[in-house]
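Here's the structure we're looking at; comments come further down.
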């Protein structure tokens, strides 16, 4: 079978995970010329409470656009981690915000603990860009999308005037990924 | 086949033909212990314009409750006569108000011309009871329902206080029928 | 209506019989919106309901009428509404609600010619598929099609009984001919009328679950104000009645809703079989059209043709097994309808190719004439 | 939506593609009422329509929206509305009107779980029978089910084309997955998009009949204000458009309405056949479920199983001949659906007993998983 | 008319029997009793009293009575 | 209190963190600045100023803050 | 003689309405108003719902649209939005406009979209045989109110006013010469305008409510109509059962399709 | 501390509503009002439509009925007719009650049926993500009014008044201590009563309309609410954008279910 990567970004409403998912999908599809789909949970969930955004990236056409066997799970909250880790592949990657997720599930997947929100707050200066920091880490870890593509996609998506801040956040994430390996 | 009589009472809205049809059906069904159905045209037709009321009387169950082969057609207006005479059986009876229907269709059916409305007006004293006069004539001519049954049905149907007037009209009709034979 | 000493021999219309049937069945609430050819049902009940302490209300539209009927039923009243095609379309959303929230109620549709405003005063049978599929989502439905005045009475009573028994909306499909033709009828004595009440939950049972997965698949009901407080919603819900997104619970609910009709199919279904045993040709007919069919079949028999009549009174659930078994035996099934072949499609489906299905369709506001059916019988027999 | 230099490679949802498709098709009027999961279509058009001089209006409810769409179409604008199950139920009466009065318009239903309020944010395919039979009366309908974002674009354009060509309401059935999933898509260049305009009558022709029984069965249209004054009604009417009670004229009208879809069936119908030629097992799937089916079929082929996929994009009129001919060749037809077997019923009907139809039904808000279909293929192949 | 020499206006009233529905509104509300009902239809009996107020025409629901003003 | 000898009423404010949604309404509209936001939750900093007006409680949309009156 | 013929589809005559039904009187007033404004027949779209009164468009030689029950205003909104240059007139009954169609009525008033609604108020559902209407007065009889209505009636002009209409007038068919002036004003008004016309239904209302003939009903209208100026000086008791006539609302407010055109102009540039 | 717990379904908590959503404030006011009247939980039926606000009944321990969008009042009418002894309270949003449900709203008012409607006016459709509502002020933004609304807003209290309601009051969630008194009066009123509650939706309305936080929105409510008595002394210009609060209508009128009961008594005997 062809190469297919399933990524789920989870946390709570307001953390910008839908945007992050869109950026990732656009990076893959438009700038890296792969196929990509992105979907998210709707409804009350999407405002407050748990939130989830899924990206599937593939060389081939994507038949089934829902994630069932995750290659990577980002969890920014304990709740989302506990809820979704079971969907991870055996050799998948679990990326958690180390300050928010204390109770780490056990499994054969690789676990990376990064103080994502703290990095956003302290290194970039705004907790709000934790989603972009996370994107940087994911780009570095998963290696399915090129750095250039993600950066271009970020620039195309974020509001005018916040480009610099977001690129800074993205770079901080890339760096954090490097520090992990 | 069993005995089935199809009667259509036609004229214009306000002539009380629906009531007359109901009385005829009730006479047959309740007082003469036969089967009977009655139906009428609805809609704009029923208020002003042409009006039509159909009664089917039978010894047997009535499967098809619409009249298609008339044994008797009453026409109180020229329009209704012209419109419906074609549905008459070869040996059917056409009963018309002789003052209103001048243009009598030709056919093998029997034609009776009676100044029904004039009788109601002059002999009974009220044009409004022409429908009951007609009932009397039909009872006399068609001989499918007994005089007693129709009289009882009339008494059960008409508004309190008008019984005498209506019985008088009915008798006038019966008499007119006798005069015809 | 005129009545003799014995109040039971009457000349009345199907609409009148329906209204009387509702009263006999214990209906105590009617909400509606007038529409030809159903309005007489409302008119009679506006006169009769208050006499027995019942309530009548003419709502602002059919949607509201359907909503009020559901509200009244949840408060404990047997409830009815009556309409015709355009109003039936408008009621669909709330009929789906009644199905989802399992609220007993009866919806009468006196069918007239469609689509759209169509033929307001003329008969048709063109809403039979809508009765099955008119609302969104997969849902069970019971729909009944009486063919005479007496049956209008009986099947209105039965509609209430089925509705209360299975906690479902029941659709009673009259057609303009049945609704508007006056006919001699001998009504059953009150003592002969079987009336079913909804199975009630125990208001003292503090563990009461309004949507419990009971063994029977039909959860007992408690009315508002009886002392157990619960939640009713049109969202997918669990046994407590509260909304859920848990796919297992959703599946349980929706499959139970369908199963509760499917598994009681034998108790629900009803049809009349006439001279089918040795038949080579069967006529499948319902509602007023079946009267023409009956005449044609009898005539054909008189002429020595081996023809029988299958007349479903319960249209939904569709009598698939019965039709299949007939299809095994006859060469042709003739399906006369006042539509373009809605039930014929189902007959074809149920026959699975094992017989020839012949359609007779009349859509111009005139009923299917008995002679036309007879001719078709002669043609193929 | 983000776009590259070449504005045609995009990542967008089916709802976005639908809105863009409408604009590309020349839609200049949208009336709607918000409902999940369709609201984005309205939101985008509220932003984009005024830019091209088009009009957007959020009406007070879905009934009004459908009415406004018909009014605008009669005044000459290509018109659209979008909704989901509950709103689709409410629109039914006026959809029937559009059918009767032959008013071109497109109705999008982004299907969510039902019945009733059901599962507002989760996908289903349970309104496919309602699309056919939701309104009262016998009426023709065209309904389409795209399965991807690109198809949402293309088939929105096609929905308008069909609607304008045949003077019928066309129902576009997305489902929540197609509507809400962002996907890479390469949009066609404007020059590649084929757009059909309604056939116009000549406003100078004083003998113009708005409902003429033309050879093509499709009467040319004139818009309000163009100089020929005529009457439009939902009552049965004659060629002049005025109401009639003449049964012959009624019959002519209603049969023509049905015939104009029936006779152009070949031009309307569209489906995708994948590896069916030597297949022993066929999968019949549509909408987003067909994506799971495609995966399963390809996997099964890789494993050497002789399986093919039949994917109707036009659900109504139903591809009966195609299904029948497949049924002659295969031993099993597997029909996966997010409902309780609505299309499986039609597949059974069209097969006339000549093959085994196997249902896979998911109704809990989760899509049918590819593996489940694969397993079923393996089980029977 | 204050001036006696003013041209006299003459009324002409036409009843369209095919459209008339015999409601008698025209007759009842004619301020000058110009009309009476006869055999179910309005009949002009006092045309000389007609002031050309046109009320009969204005109130006829069926477009069945018309008032014309003929100059002498 | 006009009388100095009146029993002193003491306030006790309880925050239910599981239900609190961190909107800060209670804090912002406390007329006596009894509360501040800390780590996203209201924290009592000047209980001595509390007049038991209960406005924080009345305006909390999430049933997450409760004001009790303890008698001393 | 006013030449009604120029506006009529004479081949559809005689009118379907009952003898003495007031709808024809209002129809004529409408034609005089249209003629006075000088509109061409091509630029008028007349839209109706379902009911006796809603059959009106069938008789007039405009672009005519007979829709579904209660929905005339919704359809008309689409027509007007698509072609604001057309004059769109809605003809509707009390049931059509204020029972099933009540919501469209108040929303069109709120939007102040340039439609003119001629509302035939006969206190009853005529077409379906005399069922109670939202305008049937408390205590009056109808086929679904055999003991007299237990519901209050709408003041439907007041409702239009509260909802935001720019022009509201009320008159009875007893005064056709005033009625046509109100209709003229209503059509000329840029914005949502309503003319509530009281019209007798002898067949389904009169008979049930002790007004045996249309003459009695016309006399009732004559006696119970009170011009607004006079009504202002009367006390509530005196006004019971009265119909207050006149121009009740006449305001200049921003009109919806114009506002929308401004939006287009803004966005396009 | 008022014991809300006695009326809550605590296992359903926390509330589904967003942080800062004002609906919870009104919910609490309603519970205090009910408690003060002393109604037992069994005799209350709370009916809602669809919307954020319509999720309220799920949290309270009464007989609760969550219906279809816009139809709460119609369902409630059935409940009340069948069991007039129950206290029936409708909880609804501006979209639910006055967009799709506008007709039921005015008809229930006309009938003056004894329902109490607590109408949460947040100027927007919250549940579906911020589309324009009939109460969105002219010029304000919504997801389907990206350039600002081109429609006028309803005065929904005024509409209830014109339609025939016996009690209408208006208040904002900024003044919960007044709100509960109005709700209490409304429930006690025999007849159709409405309490229009202005409540902030920071998520779908505030953000789009330059009120970035719920605090800003609460302050806006504080600054723009003008009690009726004061408003009467202000001129129209000063009142633009203002919310006039207070008891706007308080009449004693015949109530529908009582009138119907009289009919039953009359007919039965």
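Each chain gets a letter, A, B, C, D, E, F, G and H, in the order it is written, and its residues are counted from 1.
As a working rule, a contact is a pair of C-beta atoms (placed from the backbone, for glycine too) under 8 Å apart; a residue touches a chain by one contact, two chains touch by 3 or more.
Keep in mind that this is a model prediction, so the values were computed, not measured.
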- Query: Just how many steps, at minimum, does a route from chain D to chain E need if it may pass only between touching chains?
  - Reply: 2
- Query: More C-beta pairs touching across which pair, C-G or G-H?
  - Reply: G-H
- What whole-Å value do you get for the distance between chain A and chain F if each is reduced to the mean of its CA atoms? 40
- Message: Using mean CA coordinates as chain centres, what's the gap between chain B and chain C in Å?
- Response: 36
- Residue numbers in chain E touching two or more further chains are 21
- Note on the structure: Each of the following residues of chain G touches two or more other chains, namely 17-19, 68, 99-100, 102-103, 107, 134, 147, 260, 263, 267
- Item | chain A residues counted as touching two or more neighbouring chains | 48
- Can you check the complex and tell me which residues of chain C touch chain G? 33-36, 39, 42-43, 46-47, 50, 56, 58, 60-62, 86, 116-117
- Message: Which residues of chain F touch chain H once you look at their complex with the stated criterion?
- Response: 18-19, 21-25, 28-29, 55, 57-63, 66-69
- Message: So in the complex, the part of chain D that touches chain G is made up of which residues?
- Response: 28-29, 31, 50-51, 53, 55, 57, 59-61, 63-77, 79, 93-94, 97, 223-227, 229-235, 242-243
- Can you check the complex and tell me which residues of chain G touch chain C? 50, 68-70, 99-100, 102, 125, 127-129, 131-132, 134, 143-147
- Item | Residue ranges of chain B touching chain C (in the complex, touch as defined) | 22, 25-26, 28-31, 34-43, 45, 62-66, 68, 153, 156-157
